[in-house]
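Order of writing sets the chain letters: A, B, C and D. Residues in each chain are counted from 1.
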Amino acid sequence: MNSFGRIFRINIFGESHGEYTGVTIDGCPPGISLTEEDFKFDLARRKSGAKGTTLRKEDDKPVIISGLYNGFTSGSPVTILFKNKNTRPSDYNFRKHPRPGHADFAADRKYNSFNDDRGGGHFSGRLTTGLVAAGVTAKKIIPEIKITAILTEAGGSENIDKAVENALKSGNSIGGIIECRVANVPVGLGEPFFDSVESLISHAIFSIPGIRGIEFGSGFNSAKEKGSEHNDMIINKKGKTKTNHAGGINGGITNGNDIIFRIAVKPTSSISLPQETYNFESGKIEDLRIIGRHDACFALRVPVIAEAVTACVIADMVLISK
Amino acid sequence: MNSFGRIFRINIFGESHGEYTGVTIDGCPPGISLTEEDFKFDLARRKSGAKGTTLRKEDDKPVIISGLYNGFTSGSPVTILFKNKNTRPSDYNFRKHPRPGHADFAADRKYNSFNDDRGGGHFSGRLTTGLVAAGVTAKKIIPEIKITAILTEAGGSENIDKAVENALKSGNSIGGIIECRVANVPVGLGEPFFDSVESLISHAIFSIPGIRGIEFGSGFNSAKEKGSEHNDMIINKKGKTKTNHAGGINGGITNGNDIIFRIAVKPTSSISLPQETYNFESGKIEDLRIIGRHDACFALRVPVIAEAVTACVIADMVLISK
Amino acid sequence: MNSFGRIFRINIFGESHGEYTGVTIDGCPPGISLTEEDFKFDLARRKSGAKGTTLRKEDDKPVIISGLYNGFTSGSPVTILFKNKNTRPSDYNFRKHPRPGHADFAADRKYNSFNDDRGGGHFSGRLTTGLVAAGVTAKKIIPEIKITAILTEAGGSENIDKAVENALKSGNSIGGIIECRVANVPVGLGEPFFDSVESLISHAIFSIPGIRGIEFGSGFNSAKEKGSEHNDMIINKKGKTKTNHAGGINGGITNGNDIIFRIAVKPTSSISLPQETYNFESGKIEDLRIIGRHDACFALRVPVIAEAVTACVIADMVLISK
Amino acid sequence: MNSFGRIFRINIFGESHGEYTGVTIDGCPPGISLTEEDFKFDLARRKSGAKGTTLRKEDDKPVIISGLYNGFTSGSPVTILFKNKNTRPSDYNFRKHPRPGHADFAADRKYNSFNDDRGGGHFSGRLTTGLVAAGVTAKKIIPEIKITAILTEAGGSENIDKAVENALKSGNSIGGIIECRVANVPVGLGEPFFDSVESLISHAIFSIPGIRGIEFGSGFNSAKEKGSEHNDMIINKKGKTKTNHAGGINGGITNGNDIIFRIAVKPTSSISLPQETYNFESGKIEDLRIIGRHDACFALRVPVIAEAVTACVIADMVLISK
C-alpha cells in the first residue's frame, strides 16, 4: 500500500527507470504557501548525500501539477512530479541472478515477474524524492516544530568522511546511525492504543529502504537500566523532565519534551566487489558483479528523508489533534 | 485510534479498573475452530510473566460474546471480553503528582482530565489481554507459520531469575530484550511502499506499552558492517540465504527465510523506591512513593504479547496476499 | 467490514440470537456526558416501531462497559452492550430452504455455511440497537445540529396506522418512505472528491438492512427539472437559498441550508403467508411458511436508525473539519 | 478525501484549469495488460456525451507515467495523467457572485478562499477523466463481469435527442436517469455491516458531481409493494430468482443475480439564461449571466462514469473476496 497518514496522507508512485516518480499529498490544508524553490534545500541535501560516488545525474526538479493556486495550497490534492532523465536499460538480468541484499528475488516472486526490475523499480531509493517533497510540505504546516536529523556515525566510525572514502576505495559499502530530534512538540500528540507516536514514526521510518532498527530515548540501553535510573523526573509545570530516557513520549503520547530517536541504516546492498550467490538459470552458486552507479553509503542521504517522513507523521498528528 | 489491520482488524477497548477489557476482531475468516480453552496457554504465559511480584489477582477468563457459532468463527466480528474483578479505587492522585515514566501527565493534558486515571486506565498493561486473545486467533489462521518470542536478557543480565530477584529485593525494576522469530514464512508478504513488513511489525510492537526499540536481522549492528559482510547470499532455488542479516525481509517483503527481530523493553515505571518529581498542586518537586501492585520486570510478560501482535500482522498480510 | 467513520468510528458486533449485540465507538471526544438514561428515548423509538406485531421481548438496556469515567467519556473507546434475552433456536433450516428476500442464501455461500443462521445472525435488525446507541452519542457531540427523521408513508399510503393494520391482518408486510432533515448545519462539511456528504450519508444509510433507495433534495424529480427550475438562488450573505432542491449540499459540501434526504424501505422480508421458493435439499420449488416473530412494517423502526447513522456521519465530518 | 477503495484504491487529483488532472491506482494486481489504446473507447463515450454543446476542446489522451512495464501492470501504483490544454482564466468572479447550483459559495467558505475557482477547480466534471481511466483498468481485472449503464431518459422525456435540442435552444439545461446493470456477478461480494454492496456503490456514485439519487432493484417503488410482491423467489440451485426486486443484493451481499440500480442526475448547473442570485460584493440580489462553455445535459456523459466507479467498486470487492 503506497499511501500513509490519516488526514495528511501521502501517496507515492513511480519507478527508478520509469518516466517519473512522484507523490500526491491528500488532506493538505489550504493556504500553505508553496513554491518549487521551497523544495530545493532538502532535495539538495538528499542528493549531496551521494558524495564521492559515481552519481546518477538527475536534476531532481519538482513540478507541482495540482493543488496549488496563486502560490498557495488550495485544499485539493497536491501532486508533485520528478522527471527521470538519466534512465538506462537494465544492466543485468536480476531475475535470473538476484542481487544479495536487494528485493530482486522477493519482488519477482510477489509480482509473478511482472515487476519493473530496472534499477530496483518501485523499490528504488529514487522514490524517496517524493518523500522529501512531502516532508517539505509537512514542515510548512508545522513551522514551530523543528525536526533535525544527522548522521552520527558511518561504518562504525565517527570519522564519516574517512569511512566513506575507504569504502569507495575498496569497492565496498557501509551503513550508519542517524539521530533525529523533534523540538517544540506540543503535549498530547499520538493516539493510543495503536497509533502511538512510536508506532507511527517507526511505521514511516521503516518504509525508507535499508533501515534495520529504530530506538526511542535511551532505546536498547533501557533494557539494562533500572526503573530508578530510567524514569524521567518532571521538574516544572510544563512537564519538562530532568532526563529524557523516554524520548519525549509516555504511553504513546508526546509529553512536551523533545522526541528523540535513532535509526540504523544497513550498508548499501550494491557493491562493486564480486559476490557469490545463487543463479536461478544455471542452478549454481556463481559470482555476481554489479556494474553500475551506486552509493557507497546510502546512510548519507537518509537524514533528510528521515526528517521528511517524521514531519509527515507529526503534521498528521497535529491535524488530528486539532 | 484503537484499531489495527487492514483485513484482519483488531479493536481494543477497556480500562485497567473498568468493568471489562476486550477486543473485537473484524475480518476473521469463517470456519476457524475456536474455544475458550484455546486461549488458556498464551493467557497463562502472559500472566505468569509476573513471577515474584505481588500480583493483581485476575483469572483472565476470556468470554467470547460474538462471532462464534457451533465452535467455529462465523465470519462476523469476534468479540472477546475479560472481566476485571480485582479493581480498586485509585491509590493516589496521579493528576496532581504524576508518576515518572507513566502517561499520567501526557494523558491528563490530552484528554482534558477526563481520562480514567485509575491504574493507568486505557494505558494499562491489562489491555494486553485483548492483544493476546487476538494473537491466539491469528495463530489459528496461519497454523503453518511458527512464531516464537523469548526473553533473552533482563536488567542487562542473562541470568534472568537472579536479576528479577534483585530488583524485587531492592524495590526497583528492570527491563529486558526479547527476540522473536517467525518460521515457515511464505515469500512475498508485505506491501511496499508504506506497508513493509518492518513497518507493520514495528507499528504493532510499539503499541505494546514500554517498548523502546526494535531491530530486524543484524539490526543496529548492521550500521557497523560492510556490504560484503551484511549481504545475505542466496544458496538455493527456494531463496534460502547463507546468513540472515536481513531478518528475512528484503525491500519490505518477506524472502522466505525466518523473520527475526529483537525488541527492547524499558524497566517497569512503577517502583517502590521513592522518586523525586514535580507536584502540580504544591508547585514543588517532592518525593513520590507509589503504593500498589506492580511487576518488577514487565519484560517477562512481553514475549507472548509480542508473538500475539506479530501473529495479527502476519495473518493480515497472508489474508491480503491471497 | 464492521466499522465506519474516520475519526468518530463505530464498530458493530453481535448476532440476533447470540449472547450480546453491541457497538464500540472509537474516537469519541473526551468530556461528553453520557448516562444509560440518555439512550432510553431513542431506543424506545426503535422498539416501539414494532407496534402491532408479535414483538420479540427485549428490554434493550444498554450497558456501557468501557470509555466512561465519572459520567463522562474519557477519550478511550466507548463500548456499549445489549444482552439478548429472548433468543430461541432456529425455527427452520434456512440453509436448505432459504427465505426469499433474506440474506440466507447469499450469506451461506459467502461464509461457507459457517455463518450464524439463527434469526438472520449478524444480518439481523437487532444489530441496529448498536447503531441507535452510537447515534445517541453522536448527537451529544453536535448538540446544536438537529436531526429529525419521520416516516411519511407506508405501503403507499399516508394513513400509516391503517396500512400497517391491513398488512398485519393479511399476514403480509409493507415498506415505507422516510424523510430526514438536518438543521443548523455549518457550511463546509464534506470532503471531496470521494467523501462527499451524499457519499458518506448514503454509505451509512445503506448499511441499515432493507433500504432500497436514497435521494437528496429534489432527488429523482431533479431528472425532470430544467436548470432554471432546479438551481437554488442564494438570497442572503449567509448563503441561504430560496429553494432547497440541492438538499443543502453543493459539490459534495454543505452549503448551510438544511440537509434533506428521503429513503425507501422495502417491505419486511418475513411474512406469514406461504411463499413458493427453491428448496436446496429436495431440489424442488416448494411452499415456505415462516413461523416466528416479525414486523409487518420494519419501516416504522427506521426513522430513529436513520437519524442515528446520520448523526454519526455528521459528528465525524464536524470532528474532521475542526 | 480523494481516495476510495480498500485494495484497489483510486486517488484523484487535478483541477479543471490546472496543468493536469489524473488518477493513481494503488493495489492494482500485477500482470494486467494495459495500453493507452484501451482507454480510448470509454474516454470517447465520456466526451461525446457532450453532443450539441460548445465543447471545450480537449483530446483526453491518457499518459501512463508509472506502474506499467512491458505493457503490463507491475504491481506498483498506476498513475495516469491527462493534460489540460484548453484552459482559460476565470470568466467571472464567482467568489463575489456565486453561481446557483455550483460549489462556489460552499467551497470558498470551506477553503478560506484558497480554492482554485477557475471552472470549478477540483469540483469540475473534468476530474471524471481519471474516474473513467480507473474504470477501464478495473474492468480489465474482472473481464467476466459485464457492466452496462445507459441513459434511459433526459429532461423527463424518453426522446433524449429532442429534449437536449430543446434545452440548447432555450439556453437551459436538463437532467436525466441512468440505469446500470452488472451481469455475471459472483455470489457473496460485499462485506456487512458497513461495506454492503449498496453502501459502496452509492458512496462511489455520489462522488460523481450532480447525482441526486440512487435506487437498487425496485427502489423507491418498493416502499409501495407488499412483501409477497417484493420478495424474489429462488427458482434454481444457482440462486437465480424469478424477479429481481432486490437488485441482485440481499443483506448487502450479492446473490448472483444481476445488480441493477438507477441514478438521478440533476440538470447542469451552468445555464446561459440569466439567474437572479445574491452578489456578496454589492449585498444585493442581482442577475448572473454565466458566459462560457457548458453542457446542456451533463447526464449524457454520466453512463460511462457510472460504469467506471461501479467497476472500481466491484473489482475491489472481488479482490477482497479472494
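Methods note: a contact is a pair of C-beta atoms (placed from the backbone, for glycine too) under 8 Å apart; a residue touches a chain by one contact, two chains touch by 3 or more.
The structure presented is a predicted model; accordingly, all values stated were derived computationally and were not measured.
Engineer: Are the two sides of the chain C and chain D contact the same residues or different ones, given that same means over half of the numbers occur on both copies?
Structural biologist: same
Engineer: From the C-alpha centres, identify the chain that is farthest from chain A.
Structural biologist: The most remote chain is C.
Engineer: Which chain pair shares more contacting C-beta pairs: B-D, or A-D?
Structural biologist: A-D
Engineer: Just how far, in Å, is the C-alpha centre of chain D from the one of chain C?
Structural biologist: Here the centre of chain D sits 26 Å away from the centre of chain C.
Engineer: Could you grab the centroid distance between chain B and chain D? Build each centroid from C-alpha atoms only and quote it in angstrom.
Structural biologist: Here the centre of chain D sits 45 Å away from the centre of chain B.
Engineer: Distance from the CA centroid of chain A to that of chain D, rounded to the nearest Å?
Structural biologist: So the centre of chain A lies 37 Å away from the centre of chain D.
Engineer: Among the residues of chain A, pick out those that touch two or more other chains and give their numbers.
Structural biologist: In chain A, residues 1-3, 6, 12, 76, 110, 122, 192 touch at least two other chains, as defined above.
Engineer: Show which residues of chain C lie in contact with chain D when the two form their complex.
Structural biologist: Answer in residue numbers: 1-4, 6, 12, 98, 100-107, 109-110, 120, 122-123, 127, 153-156, 167, 172-177, 187-188, 191-196, 198-200, 202-204, 206-207, 209, 211-237, 239, 241, 245-247, 250-256, 264-271, 273, 275-278, 280, 283, 285, 299.
Engineer: Using the touch definition from the top, list the residues of chain A that touch chain C in their complex.
Structural biologist: Result: residues 6-7, 76, 192, 320, 322 of chain A touch chain C.
Engineer: With touch defined as at the start, can you tell me which chain B residues reach chain C in the complex?
Structural biologist: 1-3, 9, 11-15, 18-22, 24, 26-27, 30-31, 65-67, 69, 72-79, 81, 110-112, 114-116, 121-122
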